[in-house]
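Across the two complexes that follow, subunit A remains constant while its partner is subunit B and subsequently subunit C.
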Partner chain A sequence: MSAIFSIAKNTFKETLRSRIFYAILALAVIALFGTTIFASLSLGQEAKIVTDFGLAGIYLFSIIISIFLGANLIYKEIEQRTIYIILSKAITKTEFIVGKFFGLSATLLVANLIMAAVYLPIVWYFSGSFSWIALLAIGMQFLETLIFIALATLFSTFTSPVAGSVYTLLVFVIGHSTGILPKYAEKTSPIIEKLYLAVYYIFPNLEKFNIRLEAANGLSVPPMLIFFAGAYGLIFIALFLMIAAVALTAQDL
Partner chain B sequence: MHKKELFNNIDYAMIELKKISKKFNRQAVIKNLSFKLKRGEVLGFLGPNGAGKTTTLKMITGLVGADRGTIEIAGLDSRDLKSRQHLGYMPEDPYFYEYLNGREFLIFIAELQKLEKTKRRKEADRLLQLVGLGKEMRKPIRDYSKGMRQRLGIAQALVGNPEILLLDEPLDGLDPIGRQEVKEILLKEKKKGKTILISSHILADIEELADRIAIVNHGQIIAIDPIKKFINKKQSLEKTFVEIINRDDKK
Partner chain C sequence: MKRKIFIILGVIFSLAGVFVFQYFYDQEARSFAAKKDQQPLVVNESTLKDFNFGLQAFLADYFWLQAIQYYGGWRDDQNFEKLTDYLNLTTELDPHFSYPYAFAALILPNEGQEAGYAIAEKGVERKIKDWHIPYYLAMAEFLYRKDKTAAARYFDLAATTEGAPASAQYVSAAFGSRPDNRQTVIAIWQTIYETSTDEIAKGRAEKYLVHFEIMNLLDRASVEFKKRSGAFPKVPEDLVKANILKALPTDPFGFEFKFGEDGIVVIKNNK
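Right, the complex of A and B next:
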């Protein structure tokens, strides 16, 4: 565990010293303040617009950070050969992968906290009360971006950052479409139906983490839905990290 | 004999490679390679470019897996993570995290070597002084020269005082003064009883450091003997090395 913590701490330090991180974060903060302009243009829907656009902004910038930094996570270590010294110590490749994942996750958590610190007071100002559901929505989005970090980490063990980013974005698109696949599957031939169902089960259904609509309309979310989404997300994160560890272990460095 | 007694025995093999083979893209790069290093021994690992020196060192550290054969480090299988606590490895052209400074990097390595929290900073400072980077310890590594990086590479290999040092071209890129200083550090480690496997192209330096020489060519050891057998009044180590390689290439 101490090795994982050391790797995580070092990765956190690395990403916090990255200029890209601050550039993306600065853009995110500007965009969050920008939502107030949209709100002022709407008629009586200010709180809804701010909540919806703000959450979408936080989501978008979290995805950008996780893909940009995640796609480089292991690849850079192998390319720059910093991994040689680290893995010659008493540390397994699995510990290394998990440590890197936690390090970047911590960075993303900081980014989400900063964005939330800007966003929630804006929502409060427009709606007149603190929006717990908006806070929960940020938490759910954060969980989804952890899946992207795990996925980007997996791709970065065997492919370049550009290819890794493209693959992760593909999973992003598929992941947000899988929810509708079972409905389509019924209307197609048996072979296509099986294919649709295979995609449905293999790829994470990312819509499970989307409660932006509920947040924007001030609706409640059943606690069980949150619990199952959390468990669902953790299973995919563990799975992707396990495959990443196997992929790195199989490699000669 | 008890394990501890065995370990302290001068004849105890700190590193033992038994019939190691490795292929990359179906091409054999290491062929049935075997050798032993006794406690306190310094073995100069020589060979032309692409002979398999770096791959052998990487196999000992576990960075590259052997297709066949076994590697033992201090009596432990090299796949056993505990074996790596006995090792200090400096790769060829070592690369570091550029955003850290020398001290931060060594503290990080001390954490990975599982040194006690209270000892990490002291160890980092001691080693930075030892390799002559005391004044530059707070300078970002991205501003280090090649020579400074080599010294930091040696310092990180020494973190935790491991019994075995694996050094891949440790004198590469150093100016004559730097080389002399690094050699002095290595000679001190040798005096302390460290087992050292050193790969280098600078044969004159190997002459000063090594007890034995192993010459590797095309993934095989073609000569392994005490250094005295390779040097005489008429012939330098370099000349003997070239002759042995040429003879082997003609076979």
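Right, the complex of A and C next:
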């Protein structure tokens, strides 16, 4: 456990030293303030515009940070051969993977807290009340980001950062489009329908973490949906980290 | 020396060239933009609903801002079909975003665009809790389609929508309350009462019928008052004092009445 904590702490410090992290974060904060300009053009819909644009900004910048930093996470250690030093200190490959994941997750948590600290007061100012649903939406987005970190960690164990980023982006695109599969499955033959449905159930459906529409309109979300989505996300994170550990163990390091 | 002159001439000709090409580019771009504005949107609603990468609310807002910018940049050759497309996209991507429905009812019928009714009716069907939608729709039905039945229904819906101001309730109760229009509106509510299978609509129609019947009664009593005293009553209480009415009837919506100088009953806007 202490090995995981040490790796996580070092990864956290290392990613916090990354210039790209600060560049993206600065851009995100500027963009969040920029939402107020769009709000002024919205014909009385300021609160909705800042809520939507702000959430979309936090979401996209979190995804970008997780993909950029995650794609290098393990690959760099292997390339620079620093992994040999770490693994020689009675740290298992699984502990190494989990520690790396938690380290980068902590960095993303800091980034999300900073962005939320800018975003929520802006929403409060325009809507006149604190938006708990917007805070919950940020939490759900963060959970989705953790899936991307786990996925990027997995790809980082066996492929280059560029390829890893492309694969993660593909999962992002597909993960938000699997909702159409049951719709189209009905129009196909029974075998293709089962295939579509199998893909639908197995592939991560990232729309489960999207409650931005509800946040924008001040609608409530059933707590059980949040619970199921949370459990769904945690299982995927665990699955990707397990595969990453297996992939790293299979390598002759 | 020759080289310097050559460079200076080169700079002057380059700047002139840039100026000329900038000018012609702008001319061409302007006509291209005007043509583009006339073309319908190529973005398909259902495609965008399926492939928006979790940015549905953001895209809805984007199209809403586009709609406002498009409408705000009003020109003689404005293509309202494009505005309709923007509003349709907005309401399809974020069905809970209420103002675009109301905006469609407020703007498009005035421009002769039937699509405005369809967009606003979509908001009513989706039970969006914004009284502006049925209120603007009622106005459009009354002013442009001259459909008093639909107008009465939508005014009533606006008045009963959560958050509707007292003024909307007043307009709904006063709609058609002048004697020259009252019989038409009574007939409208009578039809709704007799044909509606919806208990809520039936109940509302019944209330309106009682409301207008009270106004008819007060008008008749006002004429009787004039016959007896030579002047019209000022307040309904005068009718009780003159023993024309035993007691004042209670309006089902809680409105109070007064009399105009012509002796005709009107609703007091004091809610």
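Everything below uses one rule, namely that the second predicted complex is superposed on the first by the 252 of 253 C-alpha atoms of A that agree within 3 Å, B and C clash if a C-alpha of one lies under 4 Å from a C-alpha of the other, contacts with A are read in each partner's own complex, and residues count from 1 in each chain.
We take it that contacts are C-beta pairs under 8 Å (C-beta built on N, C-alpha and C of every residue); 3 or more make two chains touch, one makes a residue touch a chain.
Every value quoted in this text rests on a predicted model; they were computed, and no experiment measured them.
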TODO: Could you look at A:160 and tell me whether it touches subunit B, subunit C, both or neither (first, second, both, neither)?
DONE: neither
Task: First (subunit B), second (subunit C), both or neither touched by A:87 - done: first
Open item on the list: Looking at A:36, would you say it contacts subunit B, subunit C, both, or neither? Reply first, second, both or neither.
Closed with: neither
Open item on the list: Quick one: is A:2 in contact with subunit B, with subunit C, with both, or with neither? Answer first, second, both or neither.
Closed with: first
- [ ] State whether subunit B or subunit C is in contact with more residues of subunit A in the superposed arrangement.
- [x] C
TODO: Identify the partner contact of A:45: answer first if only subunit B is touched, second if only subunit C is, both if each is, neither if none is.
DONE: second
- [ ] For A:10, decide between first (touching subunit B), second (touching subunit C), both and neither.
- [x] first
Task: First (subunit B), second (subunit C), both or neither touched by A:216 - done: second
TODO: Report the residues of subunit A in contact with subunit B in the complex, numbered from low to high.
DONE: 2-3, 6-7, 10, 13-14, 17, 80-82, 84-92, 252-253
Open item on the list: Could you list, by residue number, the parts of subunit C that touch subunit A in their complex?
Closed with: 50-58, 60-61, 64-65, 68-69, 94, 96-97, 99, 103
Open item on the list: So in the complex, the part of subunit B that touches subunit A is made up of which residues?
Closed with: 24, 58, 61-65, 81-82, 84-85, 87, 89-91, 93-97, 99-100, 108-109, 111-114, 153, 156, 166
Open item on the list: So in the complex, the part of subunit A that touches subunit C is made up of which residues?
Closed with: 38, 41-45, 48-49, 52-53, 55-56, 59, 172-173, 176-177, 179-180, 183, 206-207, 209-210, 212-213, 215-217, 219
